[in-house]
Amino acid sequence: MSDTPITYVRDTMLPQQAPPTSEVGPVRWARENLFSSPMNAILTILSLYIVYTVISHVGPWLINGIWDADSLSECREIIAAKGDGHHSAACFGVITARWHQLVFGYYPSELYWRPVLALLVFFVGIAPVLFPSLPRKLFIVSMVAPFLCFWLLWGGSIWLPISIALGFGVGVVAFKLLSVSVSSLVAIIGAILLPLIYWLYLSGPLAAGLASIVPLGIEFVPSRSFGGFMLSIVIGLSAIVISLPLGILLALGRQSDLFIIKTCAVVFIEVIRGVPLIVWLFTAQLLLNYFLPPGSNFDLTLRVIIMVTLFASAYIAEVVRGGLAALPKGQYEGGDSLGLNYWQSMQLIILPQALKISIPGIVNTFIGLFKDTTLVVFIGLFDPLGIASAIRATTEWNGIYWELFLFIGIMFFISCFSMGRYSLYLEKKLQREHR
Amino acid sequence: ATLDDVKARGSLNCGVTTGLVGFAAPDAEGVWEGFDVGVCRAVAAAIFGDPTAVEFVPTTGQTRFTALASGEIDLLARNTTWTMSRDVDLKFEFVGVNYYDGQGFLVPKALGVTSAKELDGATVCIQTGTTTELNLADFFRVNDISYEPVPIETNAEGQQQYLAGACDVYTTDASGLAATRATFENPADHVLLPEIISKEPLGPLVRHGDNEWGDIARWTLNALITAEELGVTSENIEELAATPGNNPEVNRLLGTEGELGAQLGLDADWAKNAIAAGGNYGELFDNNIGENTSIGLARGLNAQWTDGGLIYSPPFR
Amino acid sequence: MSTLTDPPKPGFRLSQLIYDTRYRSITIQVIALALIVAAFWWLGNNTVNNLNALGKDFNFGFLNSAAGYDINQKLIEYNNQMSHGRAALVGILNTLLVAFLGCIAALIIGVFVGVLRLSKNWVVSKLMAVYVEGFRNVPLLIWILLIGAVMSESMPQPREFRGENATQSMYFSDNVAVTNRGIWIPRIGFTNSVSGEEAVAPVEGAAAVASGGLDWLLVLGTLGLSLFAMRLVRQRADRIQQATGERPTTWYQRLGLLIIPVGIVLFLLGATIVSPYLKGFNFTEGIHLRNSLIALWFALSLYTGAFIAEIVRAGILAVSKGQSEAAAALGIQPSRTMNLVILPQAMRVIIPPLISQFLNLTKNSSLAIAVGYMDVRATLGGITINQTGRELEGMLLMGAFYLALSLVISGGMNYYNRSTQLAER
Amino acid sequence: MVELTQERAVDRSQMQVSDEVAIEIRNMNKWYGTFHVLRDINLTVQRGERIVICGPSGSGKSTLIRCINRLEEHQAGDIIVDGTELSSDLKNIDKIRSEVGMCFQHFNLFPHLTILENCTLAPIWVRNTPKKEAEEIAMHFLEKVKIPDQAHKYPGMLSGGQQQRVAIARSLCMKPRIMLFDEPTSALDPEMIKEVLDTMIELAEEGMTMLCVTHEMGFAQAVANRVIFMDQGQIVEQNEPTEFFNNPQSERTQLFLSQIIGH
Amino acid sequence: MVELTQERAVDRSQMQVSDEVAIEIRNMNKWYGTFHVLRDINLTVQRGERIVICGPSGSGKSTLIRCINRLEEHQAGDIIVDGTELSSDLKNIDKIRSEVGMCFQHFNLFPHLTILENCTLAPIWVRNTPKKEAEEIAMHFLEKVKIPDQAHKYPGMLSGGQQQRVAIARSLCMKPRIMLFDEPTSALDPEMIKEVLDTMIELAEEGMTMLCVTHEMGFAQAVANRVIFMDQGQIVEQNEPTEFFNNPQSERTQLFLSQIIGH
């Protein structure tokens, strides 16, 4: 064949052709995806069998579910009247009758709008953080949102959150003044100490005074009335929001060159992460009062929030540390060479970038935290599981089990799954942007 | 002092269970009701004249004592057994007994067991963090028979385990067993064994060291008991208070005679308010756990001493 | 050219504590240290004051007093007359047991599911995705409660095995009983026991092995020797392969080595299988795997397994497609490609997050309370604290235990991790 | 371009092309889903031939090469390698893969194995070669690509050019009769390209049958017997190199070449 | 070793060099741990001088440059910039950093800020310039580097050459009296190198004091007053460019130049 000329020129280009029928359509799909090898075929059949078993057991129970019954006995009567087998129907009546407790706990029903509104405010507040394209003015909402949410949830005099917020103002002003007049180191110490003094000695009387002059407020709701998913969300969200600054400080501490500060950060993070949350919750329940001055005594919910916040801050610190480590060293040097000081370069250059990288990790931490709020049931708070127990302790619903767990599980699944998708989307987006 | 704190706060913090039918459980509106709850309300009424001035703090068997010791609650009314070590070592003060109980055993009829001594090798569900664990261990050790404990956290859990047959026997205070059995689909299929293996005087308690506060709790409970003994009920109390009769003890109780309220640092009508809050002891019992409720407990030991029971209050004078 | 080669020692000038970069850091650290010491002093002082006010002291003497309560599952000798310290130890061992079993099961589940989720089989991969997402997005506590409930509700009660017309029967010709109180499996008893008395099965306790367990020592020793011999055979096979390229078939030799010596020892000791049987309320004899252990173990390993599956999947995906193509182009079969090329590389990506999952599992085992498994949280941190009122001491001990456990696990794994990482670069 | 030819001119008379057919592709078609990537490919490669394939991006060059050792499946037509037809028969695939070596653009060395282990892995596990012998062979080929002293390093420690040469040595250790190259130099820096091309030229001189996707026209002129130009999944033109570069027939080829040379 | 002349080039009349001393380095030594990177450096830079530093990799060029604005700390000797001595005193460091601008090899722009924000950041936060004024200044310098129209884009959207010019503009916004460049063109493609060098030459023509680590010998010849050759942490030779390139004295310099020019 070496004699035949190797020269070849195509004169007509071939058009696209449709693939052979065996290459498209459901047949091919099934062949490729389900039965590509004997092993695969076995697996397919096995999986289908599992799916069938589960559906055939649970399906009827779900479908026959009774939605309108006021008590378990009524529900059982209805099932008996239907003449079906004994356990083949669910009593979802408990959910229709008690859903408001599962969601809001014992929050006064005429005030349900307040937590709902607080959640909305929270979303508006967090929007500029999650979507950088929004106008920066919205950051004002972000700053106000925590105090507004606090006030909406607990109610009471409006002056309390305002006077607490003023403390932050005091800090900022102190920092500005001192950093101009003295040094930035002094300014930072001042910015921490002055608000602390203010909160300890001034803010309480100030709020009381203002309240007595201009009594503005809404009905106070004690935290003991909080329960159900609302409690989980309140604990989870406040812990994440408060733990963020703490976590950032810890992460910076862990990256610091200063031996003592670094050691403290490392010890704190490792101790918190090394001990299970439930032990920390028992600590909040059993021990926190030992550590505070005699006579000081605050709300269990608040104590739990403090503990969960500390817990979350250790995890956030690790997430943020990852973000800091992902930044090239050149960014730090760029800031230095322009003459920015440490806090300026952190605030203007490093943290904005590091936090953006960390958002998916923060969302994941939040998902974990949100799931872990169920543990507060062990110290007698009414999270969804606690409410479920309380419902089962009433005469009407004593003995009901699966339906409540199913409902709670599905609610958690929906919220955690969608947040998980969101963080996945963020990760993908970051990967694209960082190419 | 605790009384001042409570007054300043405007409400009483009262520790109760996280939910035990008849004794303390929140209803669909989140309003707490039950026998123990009644005691809390009576104390609140005695102090403030308002039975709703109570914050109910749900506690578990594990957390209740710390809550009280740390001052988170002012009064614990959570079917808690009065024992020496709790009184002396844990440093609490029991202000009286509102229910005389004893630890019993609940078994399915089908097992054919008639005595707890036949329970050799049985699996027993117990609530952890209670005296029942210790009693149980003692009972089986003394009788030289073996058992397998299944520790559980809440009554609801225990009930579920027991009904599913994960344990042969459910043991806790007999009152709790009765209450639990009452909610079963077929209560008749289960029997309470005759043995009561312990004395379980249940009562409200406060911290050591604040005797004035302890007195208020103690005498409020006694007022409820005395009221029943003297026939003062929530129905006739207004009438009796408005038109003092010739029974001096009733008059002292209702504040129309003497200074008993002032001695406690309360209003003169403190006891009247306490009784009006949920009725006298007998009324509380009957409305929450008595024979006409789904719990269906008989008075038994908890009848007035005059009826052959142990319920006995020192005199108001 | 200069011959100066040592850095000079910096001199101190105390006047520059704030502005001098070198001393400034010292200033900051001193201030931080002072603040921290102050904070701790404040906390400690409060604690002392509070303890005084309550009339309590701080000592660990309670660990020596009688516990008074019983524990169903114990790996060492324990009864209610023993001390709280002993009870705590029982709890610690129970925690370690479930953590150990859980880590192994979670790893196996995770690897299987992770690989299957990458399967080309649509049904299988979707099923695995449902499993993974379902477990990852619902709180562990709910899973523990659900699995515990399923086990106690859906399995037969021991009494159903009783009587002439029992509705349930044991499996494997009356050797295994599956009930809602746990699973009873046969144990091995020795009729010709070396130590004279009959030994108890090892799962019920290391103590049992130590006391009556000379026989078990013998069996296990033989097993160890067999394993060693098997290794020798394998090494020989390796050598032959290196020398000739052909690998001799050795599985029957190794199987023989594994079975025959142990078999002989067992025969000499007069080993018999002691099956569980129903006596009174429960089964007796045999080994009792309690429901609480099984439920907690299942829940922990299924939950953690879902996370591990994702880690494994990510690890495998992190090995580029080019690697498997290169192996294919070299003619290496797909089954070997996994072992020779993909897994060794994936391992490096997998191990660090795997460690933290193991840590999580260990910490999560403290949820044992939900199914009544008596771990250290339930004994020391639960009943003991509650009976003695020693919250501070008890919580401190428990926290220290978990912390030490975490540090040991992560330390060990990091060491391993570093050593594998070093081999690569 | 011209410069390169002169510099690395190869004595083509030494490279014999036998009459034996090494690869035969008949009416081969391939689809990705419904996208028709390879259309009616016909190609016969004699033993000892050195073929360079070029063409615009996305024209299906890589796909063609990858079909030949069944990294991709074709859906219509036949591919016969060394007399064995490529079908879904696993044995045939194994046989063909051990006859055909392949070098990728990104080398795809195994980062967890040393250079030597990379080279001995397949001989030991696929060919059952004794380890010692496998190592000898490996060292031989590593010497050939001039990096015997790197044998105990890990791939990550080598430069790109060295890595690609290891990849070539690794393929050679399986003693393939045919080598496929998919843009072996496009991920490399200019200096390193030379190293790799030199190695390939040496291989060519020894009479290895080679199919090479590359845009190194100097290489094509220096060693190729034939240059194939592909576009839109079709072979548009093939010719011997001098003709191909100096006198392209098809319009598309002209356009393509003008771009390449302009660059 | 050759005795060094402090003579300035005279043939570039439009760029004046004053007698004022901008930077003075005396007997400066630096260690990394125990590794002696910079040994006994002595260097005086007059205001308006343009100095190019070259030398083999690892010879300490970057380290020298970075010591001048205290990105690295030196351990012995003095560095005096604009009359201020560089010590651990924070105030001095701040003062010097705002006098000295620096351009890095990898630009180190802040990717989360627009070009304009990159340029106004330091003036606003360090100099407390009002935002409006800072923006005007920034636009002025962006015009100077010929990219005013990119002001509202993000760095990631710009080519490397444009990014480097932004980096230069960013430094200039602080109105530094001295500019340091650390291989500003070595990460760029050939076409872009020219853009950046043009900008730098323009700066030089305006009389900016410049220290530039670079291997662009064309640039050195065009604008430098002095070329400094470093090796092993020491200044080995310095001379005015024509002399330096045509008539290197030291053997090391000769060797180095032969490599550079060969390449």
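The chains carry the letters A, B, C, D and E, assigned in the order they are written, with residues numbered from 1 in each.
By our rule, a contact is a pair of C-beta atoms (placed from the backbone, for glycine too) under 8 Å apart; a residue touches a chain by one contact, two chains touch by 3 or more.
In UniProt terms the chains read A, C = General L-amino acid transport system permease protein.
Only a predicted model underlies this, so the values are computations on that prediction, with no experimental measurement involved.
Visitor: When the mean CA coordinate of each chain is compared with the mean CA coordinate of the whole protein, which chain is closest?
Guide: Per-chain C-alpha centroids ranked by distance to the global centroid put A first.
Visitor: Quick check: which two chains are joined by the most contacting C-beta pairs?
Guide: A-C
Visitor: Just how far, in Å, is the C-alpha centre of subunit D from the one of subunit A?
Guide: Centre separation, subunit A to subunit D: 53 Å.
Visitor: Find the geometric centre of each of subunit C and subunit E from their Cα atoms only, then give the gap between the two centres in Å, rounded to an integer.
Guide: Roughly 59 Å, centre to centre.
Visitor: Express in whole angstrom the distance between the two chain centres, defined as the mean CA positions of subunit D and subunit E.
Guide: 48
Visitor: Taking each chain's centre as its mean C-alpha position, how far apart are subunit B and subunit D in Å?
Guide: It comes to 89 Å between the two C-alpha centres.
Visitor: By residue number and range, which residues of subunit E touch two or more other chains?
Guide: In subunit E, 90 touch at least two other chains.
Visitor: Residues touching two or more other chains, restricted to subunit A: which are they?
Guide: 183, 286, 289-290, 378, 401
Visitor: Multi-chain contacts only, two chains or more: what residues does subunit B have there?
Guide: In subunit B, residues 62, 66, 153, 160 touch at least two other chains, as defined above.
Visitor: List the residues on subunit C that touch subunit A in their complex, please.
Guide: Spelled out, the residues of subunit C in touch with subunit A are 18-19, 24-25, 27-29, 31-33, 36, 43, 46-47, 49-51, 53, 116, 119-124, 127, 133-134, 136-142, 145-146, 149, 359, 363-364, 366-367, 369, 377, 381, 385, 391-392, 395, 398-399, 402-403, 405-407.
Visitor: Hey, which residues of subunit D end up touching subunit A in the complex?
Guide: Where subunit D meets subunit A, its residues are 17, 19, 21, 29, 31, 33-36, 39-40, 44, 46, 75-76, 225-226, 231-232, 234-240, 243, 249-250.
Visitor: Of all residues in subunit A, which touch subunit C in the complex?
Guide: That would be residues 29, 32-34, 36, 40, 43-44, 47-48, 50-51, 183, 185-186, 189, 257-261, 264, 270-271, 273-279, 282-283, 286-287, 289-294, 367, 371-372, 374-375, 377-378, 385, 401-402, 405, 408-409, 412-413, 416-417, 420 of subunit A.
Visitor: Touching residues of subunit A toward subunit D in the complex: what are they?
Guide: Touch list, subunit A to subunit D: 1-2, 6-10, 13-14, 16-20, 22-24.
Visitor: Can you check the complex and tell me which residues of subunit B touch subunit A?
Guide: 18-21, 25-30, 55-60, 62-63, 66-67, 70-72, 153-157, 159-160, 163, 183-185, 294
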